[in-house]
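Note that subunit A is present in both complexes that follow, paired respectively with subunit B and with subunit C.
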Partner chain A sequence: MNLNTFSLALAGLVLAPLLGGVVAGVDRVVTARLQSRLGPPLLQPFYDVGKLWSKVIAPASHWQGLFVRWALAASLASDVLLAAGGDVLMCFFVQAASASFVALGAFCGSSPYSKLGAQRELFQLLAYEPVFMVAILCLAKAAGGFDALSIMAAQGPLLFKLPLLVPGLVFVVLVKLRKSPFDIAASHHMHQEVVRGVYTDYAGRDFALLEIAHWADVTVVLWICSFLWATGPVQMLVTGLVFLFAAVVIDNISARLTWRTMLGRVAPITLILATANLVWLYLE
Partner chain B sequence: MIDVYIGLLVLWPVAAGLASLGQRSPATRAALVMATAAVLAAAAVGLATQAPLTASPAFLASATALHVAQAAAFLFPAFFLFQGLKEKHALVIVFALMQLALAAFGEFGLAAPAAVQTAVAVDGLALALVLVVSLVGSLICIFALPYMKHHEEHLHLQTSRQPQFFMILLAFLGFMNGLALSNDLHVFSAFYEATTLCSFLLIGHDQTAEAKQSGLRALWMNSMGGVFLHAGILLIQKQHGLADIQALVNPALWSGMSLLPLALLAVAGCVKAAQLPFQAWLLGAMVAPTPVSALLHSSTMVKVGVFLCLRLAPVFEGTTTGRILTLAGAMTFLGASALALGQSNAKKILAYSTAANLGLIIACAGLGTPLAIAAGTVLLVIHAATKGLLFLCVGDMEQAIGSRDLEDLRAVIAKTPVTALAAVAGSMAMILPPLGMLVGKWAVLEAAAASPVPVVVIAMVMMAVGSALGVVCWVRFSGTLMSGVAVGPQPAHTSPLSTGLTTGPILTLLAGAVGLGMAAPWLNALLLGQGNPLAGGWGLLPPLFIVAMLGWIIGLKVLGRQSQARLATPYLGGLPQAQPGSYVGPLGRNWTLSEGNEYATEFFGEPKLTRLAGIVALALLLALVGGALL
Partner chain C sequence: MFGSFLKTSQVKSPWLMHFDCGSCNGCDIETLACLTPVYDVERFGVINVGNPRHADVLVVTGTVNQRNAVILKNIYDQMPTPKLVIAIGACGCSGGVFREAPNVLGGIDKVIPVDVYVPGCPAKPEAIMDAVVVGLGKLKGILEASK
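Right after this comes the complex of A and B.
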């Protein structure tokens, strides 16, 4: 590992979660404007996490602190992998590990809502993982390598070779950002039927760390989406923002679907589209 | 010295098995099993230090040995025929007769094949299987000692049937080692039939109606596999006049020739490896005592199938037959993973997951590139340790609470903490990076992506879906074991049934599963014969290990702190009630709380999915044989 890779990795470790926090802030501001509200300041997510950090609350299970930290470690590791130009498929698997730890911690909780949320979280995982993995296979095939560096070094925008990935990636972003219509495992407001689903039993400092892990995840997902137009840093940023904006708009105009619809309809359709794109790449 | 190692590996377990038949004293039996475990471990490690090697020990190479192998081709089917006639089982009779006919044709209708170069050839693959059998298999036999004692107490038997049981169990290990080491197709097929016989006897051991039925099902399916095997061997003998396995797996030998014989051998492998649509025999095997299913699933029986396919793999590289085999393996990976997700029976989850993971290995064999074969072999070894561990854990928890249903195992961590946590660790070892099963899957995907053919794309997509299904299945499995309790009393810690002989193998296998999982890059490099284990993407793994270690340390520290903390009142949308299992909810009423997992049977229901996936898998296997025929 040379010094350059090391500094990139370090930057990924520090900046990626911060970027994710800013994304959450942008999301809240844009959502408020779409709803003709003034909304919170851009840095509100950071204030929220700061406040959570200061709270000492009895845990719902002895195991949750452990799983939260493992989730955070895995999420940050996936950021670092990507920032250092590592293997995108492995980055994906590491991030899936983080999601697994979040669900496991929720299973350990005592509230039935937490366990219900964990079940739904797993069905969400089942719905978006295959299409996300096929999207990465497509990116790797189109760019000629699995590492982030060769994907970012690909000639011209990959979007024109991979148009059928867009619905799938939008679906992944919606799920990972916990946006309607796929905010199935954890609703934003606790007066809804799952309370806060998979997050119900997390509180205080553990929850603050989980929020940071979530930011790190969001960065990874948007980053992988931005590979579709990776001709330069600005283009990548814009591509990521386009995906984010699409997710915010869809969030505001749609109502929650059931996990059955997600698993039975949305997941297969997006997967078939992505597969068609992959086959096409191999036929070329 | 090498001949001594090989002799110990193959003959000692058989001899120890025969000796245990005469032993009614548990202490002597335990001593025999322990001694066998020690001998096998020492001999396997001794052999490993000498590999790669070839040898011709007299007991496998002499004319007498070959005559015995020839006789076995008649004796095993004759015994199967006898069983079929005794139980009036038409399929057993039919396949036994077919085997007899093939054996007769081979003996009298064909010229004898050229003598093999060496009777034993030990390469990375053979050594992997020998180590798995000798280490994992031995640990399972030790676990069987206390388990069978408890099992028989539970059944209230008049006379103990443990002598027969341990005879078969130990001999099984010897036959497996023989199969892994032999380089002569006829000797190989004799050992192959011996494993069929052992599994039949072990599955039917309890002699209940269900056990007998499952045993016969295993017998007819595996004799059908035997028919494919013999047909393939005879065709090879006819085409090439060869029985030397090392000489056969040379792609140059097959250029421009039909791969039909190898396709038949691959189908035989798929039957043994319980691939769809032949998974039924492995599912039936769970009626047997837990050590049997652990042995069949992890270190013996099913590994024969993947071993055979991986053995032939170099010939499959870049061929249509190989690609169809990859598709068939990926189909089983997908179908069996989906079936596992719809199950609440813990042993069925394990069984379907076994079929799925073996499918992944068979997909590797179909790809046939050195990278894919190494990935498949790594998966074979790590799967054996991990699945052996999971079976022992489920067996121990089942004996503790009297049920193997996942819903009854909810929150079992409070009752049997050691076993439950070992099971959780085992499940995590199945899916988490940077451990071996996940890394193997990753290596297969990247090896497949290098293939230029669109057909392989479909296999890759199937692997992607199957992989997600596997993650969900194992997280839910471990989450249910660790589940918190909302209402009612915390389940009491029951006095442990487990003795050192139970937890010993479990903890050793746990260490093995995790250790092997972490050693995957080095195993892979050894198999590929490359100097740098961290070439290519593998260089990512050491940093990931460091992250995992840091996470482990921090996590345990927090666990230590939180385990002292008083827990929060469960959030119920109501108030906890004095009555156990209920709470005061909306309308001031008393609500009973019941929890359960969603098994999504409308998607993953067993009857429909078995039929659907079975038909697709059968079509692929027909295409495998048919395509090679044309």
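Right after this comes the complex of A and C.
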């Protein structure tokens, strides 16, 4: 590892979660404007995490603290891998481990809502992970390598070679950002049947760390989506913002679906589209 | 610097939990009206949460009676510290017109400590928002004193 790779990895470790926090702020402001409200300040997610960090509360289970820290470590590791130009497939697997740790921590809790949320988190994993993996295979095939640097160095926008990937990636973004209609595990907007789902039993400092892990995840997912138009940093940023804006709009205009619809209809359709694109790339 | 950011965060991010402790729904409707685009309390970082483990401010409407006193205490105990309690409406403050009823204990303060009282039948959304601001001022004073 040379010094340049090390500094890129360090930048990924520090800046990626911060960028995820800003994305959460933009999301809340845009959502409020779509609902004719003024909305919170842009830095509100950072205040929320600061507040949660300073709260004093006994954990629902001692195992939870351990799983939260593992989830955070895995999410940050996926950021570091991507920032250092590492293997995107490895980054994907590490991030899947992070989501599994969140579910395991929720299973340790005593609340039935927490356990139900954890089960739904596993259903979500089952639904979006195959689509996301095929999407990464397509990106790698089209760019000629699995490492992030070669995908970003691809000639021209990959979008024109991978048009059938877009519905799949929008599905993945909706699930990972915990947005309707696929906000099934965490019930982001309160007062729904699972209270706060997988997050119900996490509180105080553990919940703050979990939020930071979520920000890191969001950055990774939007970053991978931005590979569709990776002709320059500005183009990548704009592509990421387009996916974010699409997710916010869909969140505001749609009701929540059940896990059966997610797993039985949306996941197979997006998987078939992404696989068709992969086959097309091989036949070309 | 990190310490002052944490203290600022606690004042700028009050997550409310609303508990209907036997209200006629008048105060409940006024409380929920605060979240609509007209009043938009999210401007101040307020979020309405359904989980006491995530809540900072407990907003209680209605009287306390023999049956729900245990539930109110249970919710209060599950909240992380520091926490605020706001009693909304005449019933929440003192028991209101129901205070002499045989099953009614009285206002919220018969069971848990109350930080801010909001009078009215029902209380106006402006008064409820003002109560949150007053409560946060109180919290800020406590945090400053703990330096």
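Going forward, the second predicted complex is superposed on the first by the 282 of 284 C-alpha atoms of A that agree within 3 Å, B and C clash if a C-alpha of one lies under 4 Å from a C-alpha of the other, contacts with A are read in each partner's own complex, and residues count from 1 in each chain.
By our rule, a residue touches a chain if its C-beta (ideal position, glycine included) is under 8 Å from a C-beta of that chain, and two chains touch if they have at least 3 such contacts.
If you're wondering where the values come from, they're calculated on a predicted model, not measured in any experiment.
**Q** Record, for the superposition on subunit A, whether partners subunit B and subunit C clash or fit.
**A** fit
**Q** Contact-wise, after the overlay, does A:104 reach subunit B, subunit C, both or neither (first, second, both, neither)?
**A** first
**Q** Could you say whether A:57 touches subunit B, subunit C, both of them, or neither, answering first, second, both or neither?
**A** both
**Q** Applying the touch criterion given at the start, work out whether A:44 contacts subunit B, subunit C, both or neither, answering first, second, both or neither.
**A** second
**Q** Give one of first, second, both or neither to describe whether A:203 is in contact with subunit B, with subunit C, with both, or with none.
**A** A:203 sits against subunit B and subunit C alike.
**Q** Where does A:140 make contact in the superposed view: on subunit B (first), on subunit C (second), on both, or on neither?
**A** Only subunit B is touched by A:140; subunit C is not.
**Q** Taking the superposition on A as described, I'd like to know which of subunit B and subunit C A:35 touches: first, second, both or neither.
**A** Second partner only.
**Q** Can A:24 be said to touch subunit B (first), subunit C (second), both, or neither?
**A** So A:24 meets neither subunit B nor subunit C here.
**Q** So, A:195: does it touch subunit B (first), subunit C (second), both, or neither?
**A** both
**Q** With the C-alpha centre of subunit A at the apex, what angle separates the C-alpha centres of subunit B and subunit C, reported to the nearest 10°?
**A** After fitting both complexes on chain A, the angle is 120 degrees.
**Q** Among the partners subunit B and subunit C, which is in contact with a greater number of residues of subunit A?
**A** B
**Q** Quote the smallest CA-to-CA distance from subunit B to subunit C in the superposed model, rounded to whole Å.
**A** Value for subunit B versus subunit C, nearest C-alpha atoms: 6 Å.
**Q** So which positions on subunit A get touched by both subunit B and subunit C?
**A** 57, 60, 195, 200-201, 203
**Q** Given the complex with subunit C, which residues does subunit A contribute to the contact?
**A** Residue list for subunit A touching subunit C: 28, 32, 35-41, 44, 46-51, 53-57, 60, 190-192, 195-196, 199-204, 207.
**Q** State the interface residues of subunit B toward subunit A in the complex, per the touch definition above.
**A** 431-433, 438, 442, 445-446, 449, 452-454, 456-458, 460-461, 464-465, 467-469, 471-472, 475-476, 478-480, 482-486, 537, 540, 543-544, 547-548, 550-551, 554-556, 558-559, 561-563, 565-568, 570-573, 593, 595, 597-598, 600, 602-603
**Q** Any idea which subunit C residues touch subunit A in the complex?
**A** Residues in contact with subunit A: 5-10, 12-13, 15, 37, 40, 42-45, 47-51, 53-54, 56, 79-82.
**Q** Going by the contact rule set out above, which residues of subunit A touch subunit B in the complex?
**A** So the residues of subunit A touching subunit B come out as 1, 57-67, 69-70, 73-74, 76-77, 80-81, 86-87, 89-90, 93-94, 96-97, 100, 103-104, 106-115, 118-119, 122-123, 125-126, 129-130, 133-134, 137, 140-141, 146-147, 195, 200-201, 203, 260, 263-264, 271, 275, 278-279, 282-283.
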